[in-house]
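Labels run A, B, C and D following the written order; every chain starts at residue 1.
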Amino acid sequence: MASLISPGKPIPNDDLGLGLRTGPARGVNKDGSFNVRRAGRPLFRGYELYHSLITMGGFQFLALLFLGFLVTNALFAAVYLGLGMEHFIRTGGSTRLDQMLDAFFFSAQTLTTVGYGHISPNSHLVSAVAALESLLGLLSFALATGLLYGRFSRPHAQMCFSHHALVAPYRGITGFMFRFANRRSNQLIEVEATVSMSFLDGDNQTRRYVALELERSKINLFPTSWTVVHPIDESSPLHGMTEADLRRSQAEFIVLIKAFDDTFAQTIYQRTSYVADEVLWGFRFKPMASLGPDGSTEFRLRDVGAVEAAEGAQSRM
Amino acid sequence: MASLISPGKPIPNDDLGLGLRTGPARGVNKDGSFNVRRAGRPLFRGYELYHSLITMGGFQFLALLFLGFLVTNALFAAVYLGLGMEHFIRTGGSTRLDQMLDAFFFSAQTLTTVGYGHISPNSHLVSAVAALESLLGLLSFALATGLLYGRFSRPHAQMCFSHHALVAPYRGITGFMFRFANRRSNQLIEVEATVSMSFLDGDNQTRRYVALELERSKINLFPTSWTVVHPIDESSPLHGMTEADLRRSQAEFIVLIKAFDDTFAQTIYQRTSYVADEVLWGFRFKPMASLGPDGSTEFRLRDVGAVEAAEGAQSRM
Amino acid sequence: MASLISPGKPIPNDDLGLGLRTGPARGVNKDGSFNVRRAGRPLFRGYELYHSLITMGGFQFLALLFLGFLVTNALFAAVYLGLGMEHFIRTGGSTRLDQMLDAFFFSAQTLTTVGYGHISPNSHLVSAVAALESLLGLLSFALATGLLYGRFSRPHAQMCFSHHALVAPYRGITGFMFRFANRRSNQLIEVEATVSMSFLDGDNQTRRYVALELERSKINLFPTSWTVVHPIDESSPLHGMTEADLRRSQAEFIVLIKAFDDTFAQTIYQRTSYVADEVLWGFRFKPMASLGPDGSTEFRLRDVGAVEAAEGAQSRM
Amino acid sequence: MASLISPGKPIPNDDLGLGLRTGPARGVNKDGSFNVRRAGRPLFRGYELYHSLITMGGFQFLALLFLGFLVTNALFAAVYLGLGMEHFIRTGGSTRLDQMLDAFFFSAQTLTTVGYGHISPNSHLVSAVAALESLLGLLSFALATGLLYGRFSRPHAQMCFSHHALVAPYRGITGFMFRFANRRSNQLIEVEATVSMSFLDGDNQTRRYVALELERSKINLFPTSWTVVHPIDESSPLHGMTEADLRRSQAEFIVLIKAFDDTFAQTIYQRTSYVADEVLWGFRFKPMASLGPDGSTEFRLRDVGAVEAAEGAQSRM
């Protein structure tokens, strides 16, 4: 572990903005979210509403829409019932239930602007409430459908990462590497990778952060997969560490991928992390592509994490 | 103050584009807007309308929408009344008020395209006006609902800054620092900070601007908070100044934060400023995060400005 | 003119991508468009339609919308008439004109989905055509209203530039300068300027391009105005030139401004150019801002081009 | 071929992220798509649906919309028929076919919210289904019309490239060059070009990648065309190669163009490639522009690939 805090290697602390003093748990979850619980933030604020509605689950969102539709109609139905159903032209029955349901369905026909007209206002007061409801319907459906389409078209990366990172032979020395591919068929351009390591400093057990130099930090085109490699030469903070060292220092490798989505002309990001338990020693990645009979390359996405034993593997980086 | 205009330190003037000669007032307000009044700009121009409608208050916007709905209906009602209500199939009363209200509500049912049909055109002229009104309704509701959703989904930063900036011990020397956190739960990436100081030059009392070097000007991830630090070493324009110097030179620290909003794939900016009265000497920031029982980090947003007395504080930078 | 082609000053040719050999006319028009006529480009192609509809004049666009509404209704009315108006439930007259207008207005009520119902289909064939028309109406109004809102909300810079560029004293030497301000009240951030000169090379009268070094090419904040300055020192390609030299070489100064619109989170660009006739010698810009009684700065947009005679003006750069 | 693997020229392998070991076929197709077949990717996943709907052919998309409309109406018609057409107020006939078509057209009038009312619900159950259908109609038409407009307004580059790349005399040496122009009339700004060569390494027949240095890799304005040139000096990996060498090594030149679309404020990319068979030796590009009678420049897009024999052509680069 001494190599991590040797005087000759100035370690930029807090390089990621992760000003955390976490315990044994990981700082970045596998899906890229931060392992942080926010307290003191108001649960319901205007600026959070849009964010919640865009990011909540799809089923939850549709249920909320449906519920909002039911509740709004129930409220307007109550107003119409309060004004009296004698203010309507209608053909329905005269029981209380008939009146309530007619009021409810008239409301629904007004809110959606379908307006069949078999139930229609027969007094100015009801007409005024119905005009207001149709205005409200147009505005609230604009928000609902805007959100629906916004959710549908929201750009988001769908990289699939190898489940393990590897410590494997690399050009005569050893390299720390992982692989990822694009799960979607959109075209990604100018893909950039940043890898940082967080670890417990041997002396005072405070968590430190250090950026890892990559063999290559940007590629122009990304048709298939990219194996990101940190060469473990003498200048690497990993140099000389063993598998036990990695676990003892609770090392976590934090990955940030940035890319330009050519199909939708937007920049997207994705994060993930590897903890010491997710680092394999003595394996290498199997190829994901092979040449098809027609000369094109067949690419197997499911093999992104496929590994095989590597010769010449070392127990020390 | 001599340090500010010493010959060895070339000061880039007008570095921010704030070509202002303000008096004692601040150049940038606490909410990031500029303290400038624009004259000679036409009050109503096409290119200002969209901007006004997007940035006006929410209540004001909804009131304007409602007013527009009322006025448009009143105008079309006047046209229908002018043509004569005998051109309509209707079941309503025959008083003047009945006619006026029927005209108004027919207009509302046409503009919203709800079209119940219990009032409907019975002449070609009225049909033509109604066709025009429904076309106008579709187009104007498209603008209204587009604006409503545009306002709702407009990206904007919601950083909360510490109320005070601090002059506090920092790695053996003194540092000028402030802290900020993200109030929203959207994920911010690649956060950049720029800090400039504006001050009255001691000799000729003209306002000058100088950029302050930061310990770190960019962080990759921003899960919690960031304490931005300008180390006051010998090359700092603040070096050797006292609290009284700061006030006398009417110093203002102008902060520009840039970040990429990972949730919505957009770049956002936020500005703020600290004047001399908002700089505390001899305090340091209290931690905002603590380790929860389950190993995750709890982060208290309300503590972004919490300070405590610092040992070894100096009265001179 | 010798200074423009002196051997010590390698001039990057074609620096702007303006691979033009124009005659005396300017390459970039005052409004930033290129003085180029494109031939051989198909007049009507799918990928041009959206562009044309977004950039055409507002009155023209609305007229096109209205015309499209009339024509579509006329076409569907013809179909309904062809099928026979006896297939409708209607209360209108029986003359040919009555039938035609009823068909037209039924079409309008279907296309806009207002659907009063006083005219309604009474045969399956007419119902099928009407269902098709309402589907078409929803889709085409989606395009029309999308375009309407897209036009309304399209980001575009509204810089106003000084009408003249100046050759004026600047820090002991001479500078080439112009001034611009933001006409809109949106907040611009990180404003960048690029200035290039195009001129006829004295020897072979071919047009060359050279980038001009600026005193400052980027400002962080842009609350008021920015005077962009090219200092004419010995390394400047303008060094030693007279007003007559500028005109003889048909010099044109091409300006590209880039900014980030903080209000709408989008990057915007604006271009303009100054030809030799638009360069004033021996003047300087008058201030645009003055201190208001309440300490805020009043900024006069109309003074962006206001100049006054400068002392110490030279007839040679 | 020795020049390609000479020790003094370190060749960055895999520079483009094209981790492919293709055979004789090209890696990047003429239209910029990758010559890769993806296996193991689920054919139908939520995150692929939006992408497919945006990128499929226009006729296919409209057919899908129409089919969806038919199927949805057929399904709801089946529900209404199941409930019994006696639950409707209607004027139509009593045969089974009449009932089926009335149910179908009532559904269509509800889904599009046109709601004439000549067929209208006469029971609460039918009213409830109709309310649900109108809600579904509003939501699904929001997606359909959002997609329709999203397709219409999606930014995409429409560069047209010269069909051949040339090896031609260039400033005393030889250059590898191609030309492209913007087919659309939108304004492109800050256009950048990247050119890489992929080839079979003579020794072990594995495919290698090398970036080619360009005379200029970025231009600020792009009014007409740009001839991108790689000067073949001694440091070029092409230096000394003959036409036969190019073919034998199955060389492919991969082009990536990046530009900012000034009209729509979006960054766009376009790719293409040239294989050895598409490289002409001993020709040069003919001018695309000529001076019009009014002093403006006429630009012929169709001449982007026009070439003429070049004097002094060499058979070796």
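To be clear about the criterion, a residue touches a chain if its C-beta (ideal position, glycine included) is under 8 Å from a C-beta of that chain, and two chains touch if they have at least 3 such contacts.
If you want to know which protein each chain is, UniProt gives these names: A, B, C, D = Inward rectifier potassium channel Irk.
Here the structure is a predicted model, which is why all the values come from computation and not from measurement.
Student: Please determine the option from A-C, B-D or A-D whose contacts repeat those of A-B, over half of the contact pairs being identical by residue number.
Tutor: A-D
Student: Would the interface of subunit B with subunit C count as same or different, where same needs over half of all numbers used to appear in both copies?
Tutor: Here the answer is different, because the shared fraction of interface numbers falls below one half.
Student: Sort out for me whether C-D or A-C is joined by the greater number of C-beta contact pairs.
Tutor: Pair with the higher count of C-beta contacts: C-D.
Student: From the centre of subunit B, which chain's CA centre is farthest?
Tutor: That would be chain D.
Student: Whole-Å distance, subunit A centre to subunit C centre, using C-alpha means?
Tutor: 37
Student: From the C-alpha centre of subunit C to that of subunit D, how far is it in Å?
Tutor: 26
Student: By residue number and range, which residues of subunit C touch two or more other chains?
Tutor: Each of 109, 113-117, 146 in subunit C touches at least two other chains.
Student: Residue numbers of subunit A touching subunit C in their complex, please.
Tutor: Residues 113, 115-117.
Student: Inside the complex, what are the residues of subunit A that reach subunit B?
Tutor: 12, 14-25, 27-28, 33-41, 46-48, 50-51, 54-55, 89, 109-110, 113-117, 120-122, 124, 127-128, 130-131, 134-135, 137-139, 142-143, 146, 150, 154-155, 194, 196, 254, 256, 266-269, 271
Student: Touching residues of subunit D toward subunit C in the complex: what are they?
Tutor: Per the stated touch rule, the residues are 58, 65-66, 69, 73, 91-92, 98, 101, 105, 108-109, 112-118, 141, 144-146, 148-149, 152-153, 156, 158, 183-187, 189, 191, 216, 219-227, 260, 262-265, 289, 291-292, 294-303.
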